[in-house]
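So, here come the structures, one by one.
The same chain A turns up in both complexes below, where it pairs with chain B and then with chain C.
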Partner chain A sequence: MPDQLTDAVILGGNRIPFGKAGGAYAHASNQAMLTATLDGLVARFGLAGERVGEVAAGAVLKHARDFNLTREAVLGSALSASTPAYDLQQACGTGLETVIQVANKIRLGQIDSGVAGGVDSASDAPIAVGEGLRKALLGASRARTPMARAKALAAIRPGDLAPETPRNAEPRTGLSMGEHQAVTAREWGISREAQDELAAASHHNLARAWDEGFFDDLATGFLRLSRDEGLRPDTSVEKLASLSPVFGKGEGATMTAGNSTPLSDGAALVLLGTPEWAAEHRLPALARIVDAEVAAVDYVSGGEGLLMAPAYAVPRLLARQGLTLADFDRFEIHEAFASTVLATMAAWESEEFCRDRLGLDAPLGSVDRSKLNVNGSSLAAGHPFAATGGRIVASLAKMLHEIGPGSRGLVSICAAGGQGVVAVVEGC
Partner chain B sequence: MADLMQMLTTNPLARQLGVPQPTRLRRGRELPSAPVALGSAGGGRIAGHTLELLGVPSREALVDTPDTRVTETDDDGRSREVPERYPSAIGALVVDATAATSISDLETVRGLLRPAMRGLESSGRVVLLGVEPETAGAPTAVATQQALEGIVRSVGKELRGGATANLVRVDLLTGEPTSPQELASTLSFLLEGRSAYVSGQVLHVGHAGTTPEETVARPFEGRIVVVTGAGRGIGAGIARTFARDGALVVAVDVPAGGQGLAEVANSIGGTALQLDITAVDAGRRIAGHVAQRFGDAARIHAIVHNAGITRDKLLANTDEERWGSVLEVNLAAQIRMNEELLTPDLPGGLDEGGRIIGVASTSGIAGNRGQANYAASKAGVIGLVRAMGADPRLTGRGITVNAVAPGFIETEMTGKMPLATREVARRINSLQQGGRPVDVAETIGYFADPASSAVTGQVLRVCGQSQIGA
Partner chain C sequence: MSVSPRPDTPDVPSDVEVELLTEAPSIAAAFATGVATGLRRPGARGELPGRRLVLTGVTQDVARLADFCRVTGGLIEDTVPATWLHVLTFPLQVRLMASRDFPFPMLGMVHVANEMRVHRPVRVDEELTLSSWAENLAPHRRGSTVDVVGEARVRDEVVWEGRSTYLVRGDTSPGTSAATEDPGAAEPVAGDRAGDDASPARQIALWRVPTDQGRAYARVAGDANPIHLSALSAKAFGFPRAIAHGMWTHAKVLAALQRRLPQRYEVTVAFAKPILLPSVIVLRGTGAPGPGSFAVTNRDASRVHLSMQVTDLG
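Let's turn to the complex of A and B:
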């Protein structure tokens, strides 16, 4: 093992345009989307037939048959079949966690290159059979005689035939993510107007980025989509204001379908490597992974919001790196809900929160809004859970490279289960 | 790409009913399997020297004269005089008429052609060599040379079994003469299966500044070739054919076509560059990609401007958007890209001795109802190629500029044409079948060949000698 860590540099990425649940990718499987995304990446960087160190990816909504999803995608892709792969899953943090994992292996010298990211389909979601039916079927398969098999199957009751669909709810609270966030939004007094403004900006920024060709080397058309399906270039604060709240109750409800991320389908990947590997392949380094942090909060009994973990992860990461929020040129805060972004930023500005929850002497500081999600984020692009990290990291690396060497970007992604994955990236 | 009509016209019953059956054409870098016969009308010798240079053995061609005819008796006992037959089928007839100056020389041409008309093997070749008529001097000599074109065009229509006939005009009488080295790539192309769908055409081979490279099987080994519109159809065929011949292919297409583009690029080990060619900086981005991927010293050997769109509508219903978008993509974009890539010493720009190849269309020659915009753009490409081919600033740098004009090519796009229209389009050409993307690609490869340095300003139809615009 080398005495010193090498740099893990980001060389680019690829994603397919994100689709709306039940939309263009309604019949596309996770494996199909991940393979297409991988092939687009391979074509962009001329890696056909090459072995890269590893491919790490994952999906949050996963069929039982997808137990080796990423390896299967590699085998179906133009990469060399000798490229190892594995699945990793950390809810909405999956994509960024794979980037961290691959970057760490590169930094340790275990691999010289890797691909990281994820895929998700809300359309092609798995549906499980009910517990009663499942147990009866398993019992029948264990039976040794026809009689025993018949007996096992006879235990099935009509009610057992109802399928179990995946629910967007926390297992320990039974509340959906939106219902959790509605509580947080109310606690932090996040206004409907502020949320709608953030949502409108996300759409306008993303539309501008597509128009400018920003995604020409970041995305590859798939099926009939050449842009994100949920993108509304002509939306406005006024139009968003006309929508009825869907999360939270009563007069104080502020969260609508317009300022909450829609269920989506899509995949995104990032190519990383050592500077040497990059030079050998004549690929310019866009940015390097500096450091990362994952935090978790006790949202079940500890009185913290489900999606507030990044508010803890970022201060710890900044402290370790000796940085402040003023040191960043770009902020990429995943827009699970507009109010998540706003509540997180409000927490960093709150003296009380920073003192009582983070143990800081002073507020962490403010995020310069002109540097926030400048090319749009999940509200406009959509949020195929495990794909979001790859989308953000590749886009951010390109932005930082355009700003120049030494520029800094902060990635912050909240995840189900009260977790938050964050990272510091530096432009090359 | 079998469809109902193809099935109906090619099944055994149709054959019995007398529906003409398309011949399976010889394709690829395959010379005729039977011997090449060589003859001269007027004493020209460049054809023979060029065949020697290519290492293609030839036998002396038979000449039909009253003295050489033989008497044959048919089943009914009637006897008649027929030309002497070749002992076995010949693969090609090459007639050197570069020194033909008189009407009597044309009689020699007839005498050479007659035994070959029924003596060629399947996918046989007739290649006539002449000079540019206007350089021939005396009016009779000019007329004689011009007559060759009429002969070739008619012979192309008479030949069957996938055989083709083409005329190559060389420079022998003015300026620097065309050398066998300079003619070699063209003769090789016309004899090989690469020219399967080229017939009834006239090509000019001039003189290159320097001795051209030798004609080899993998002429693009290690050379960078950019193909726009490479994600599907003809463009994908072009990319694959260049890769087959050793090229490092940069496959360009619009971001929306990225899925097909990735598949093509990955299958040939190339790189995909997603780019809207109408972007003002498209040329610079292509050069940037090449410089980045292959180093600042790298240069593009050839760029193929294949990307194109149609927005068909009768002119009565054509607004500025429908008009402009077609001209922008099919013509203006490549003019801008060429200007950028021709910047001397541009890292990743076009190499000295590089190749620019446009894609015109038979619609650009003949016009087409509902395609005034498209025909304008494709005719524009023809004008562009002629102008650039004659530009001394480019010839001085060894850069050639040529175009292909495809006729009916079997692609996903033509697969969507109405059945009857498609079948007519397939049939109204001398080869009585549609071409394939590879036929267009092979012709482009011929223009792009480093050995084709004496070929510039040419527009070659790849149409099976279609009646359209002929």
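Let's turn to the complex of A and C:
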């Protein structure tokens, strides 16, 4: 093991435009999307036939048959078949967590290069059979005689035949993510207007970024889709204001389909390496991974919001790095819901929250809104769960490289299960 | 539909008649015509129709391509499989073979060989001009063979060519010896001699092919020949059970070899013993990466179902 850590630099990324559930990628599996995205990355960086250190990726909605999803994608790609791969899953934090894993191995000198990211399909989601049918089928497969098999199958009741589709609900609370967030939005007094403004800005920023060609070297069209399918360049605060709330019933409900992310399909990957590997491949380093932190909150009984973990992770990370919010040039706060971003920023500005929950003497500070999600985020692009981290990291690295060496970016991603994955990235 | 001597189809020799189609022909209707008029065919004494069927403005259906990939074990991607282009030209083939001026009854024709040339990767978002014609009526030791040719263009560029060789048993044209074989044909029925050079030793994959494989492929490829659909309908044509489509086996092998295929390549296939459903089959081939020779056999390699040669066109 080396005495000193080497740098893990981001060399770029590739994603496919994100599709709406049931849209352009309705017939594409996770494996198909991940393979296409990997092949696009390989083509962009001239890695055909090469062995890279490893490929780490994951999917949140995953079929049992996809147990080796990432390795299968490698075998189906133009990368050398001698490239190892593994799957990782941390809900919506998956993509960023894979980046952290690969970066850490690079920093330790265990690998010299790696690909990280994820994929998700809400269209091709796995459907499980009910518990009664599952038990009967397992019993029948264990049976040694036709009679025993018939007996096992005879236990199936009509009600057992209803499939179990995956639900966007927390197993321990039965509440959907939106319903959880509605509670948080109300607690923090996040207004409908503020949410709609953030959503409109996300669409306008993403549309401008596409128009300016920002994604030309970050995305590759797939199955006739050349831009994010859910992007609405012509949306406005007025149009968004006309939508009815869908989460948090009754008086004061603020969360609509317009200020919540839609179910989406897509994949995104990031290429990382040591500065030496980058130089050997004549690839300019865009940014380096400085540090990362993961926090988790007790949303079940601890009175904290399901998606508030980044509010804890970021202050810990900044303290370790000796940084403040004023030290950043770009903030990428994943827009699970507009109110998530707003509640997180409100918490950092709250003296009470920072004192009582974080143990700080003073509020953490404010996020300069002109530096927040400047090229759009999940409300406009969509949010294929495990793909979001890769989308954000590759885009942020490019932005920081454009600003110049020493520029800083903060990534903050909330995840199901009350977790939050955050990272500091520095431009090269 | 219109029959016109000179529609806008570049590179077609000026003396060739072109039948310009306005929509993909219905395979079911063509089958019906083919069966109803099958008895009134002159056989090898007749002549092949000289015209080319042409269909322009063909857009590719992503959902159907996804089904095709699922049934043949491939992964949908922007570049389409060569065998998918065969499926797209198949309605034209069937229409040609069913038309009254085609000399052989369609249902008696056995697909014995296939040859395809991929001149460049074809993308799913490309609009195609498809054409099909028949040529090369040749005597064969067991009858006659005829080639039904397909072509896919993107604008004026020929991107894909396919050639399906069919054997009509026991029908030799007058004045030729039944023993002569056309040396130009892609070694049809080579696998009749099981254990030829067609079974390279290395096992690449083992597949369990279920009873309903023929029905599944028929749904995505439109080839509803009764010999593939059920044991009962296959028995009517002399097979003990339903048999897998040769082109399904072909597509399955190409999907399995996906990463070994060059950008531009030629693939020739000889269909030998039919795969009776259900079956366990084995793909064998050369061990090194890249193109080479491959075969689909039964488990102990005593029966060859398909032999394949893939060549890099550079």
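Just so it is clear, the second predicted complex is superposed on the first by the 428 of 428 C-alpha atoms of A that agree within 3 Å, B and C clash if a C-alpha of one lies under 4 Å from a C-alpha of the other, contacts with A are read in each partner's own complex, and residues count from 1 in each chain.
Basically, contacts are C-beta pairs under 8 Å (C-beta built on N, C-alpha and C of every residue); 3 or more make two chains touch, one makes a residue touch a chain.
All values derive from a computational prediction rather than experimental measurement.
Three-chain overlay on chain A, with chain B and chain C in a clash.
Touch criterion not met for A:70: it reaches neither chain B nor chain C. When the shared chain is aligned, chain B comes close enough to touch A:48, but chain C does not.
Of the two partner chains placed by the overlay, chain B and chain C both lie in contact with A:39.
In the superposition on chain A, no contact is made by A:256 with either chain B or chain C.
Of the two partner chains, chain B is the only one that A:219 touches; chain C does not reach it. Of the two partner chains, neither chain B nor chain C is touched by A:123. In the superposition on chain A, no contact is made by A:202 with either chain B or chain C.
Once the two complexes are laid over each other on the shared chain, residue contacts for A:26 go to chain C alone; chain B is not touched. Counting residues of chain A touched by each partner, chain B versus chain C, the larger count belongs to B. In the superposition on chain A, contact of A:284 is made with chain B only, not with chain C.
None of the stretches 167-175, 293-301, 329-337 or 419-427 of chain B clash with chain C in the superposition except 419-427. On chain A, the surface touched by chain B in one complex and the surface touched by chain C in the other have residues 36, 39, 78, 221-223 in common. The residues of chain B lying in touch with chain A in their complex are 251, 254-259, 261-263, 265-276, 279, 292-295.
Chain A meets chain B in the complex at residues 36, 39-40, 42-46, 48-49, 78, 213, 215-217, 219-223, 226, 282-284.
Interface residues of chain C, counted against chain A in their complex, comprise 62-63, 65-67, 69, 75-78, 124-125, 258-259. Within the complex, the chain A residues that touch chain C are 24, 26-29, 31-32, 35-36, 39, 75-78, 81, 221-224.
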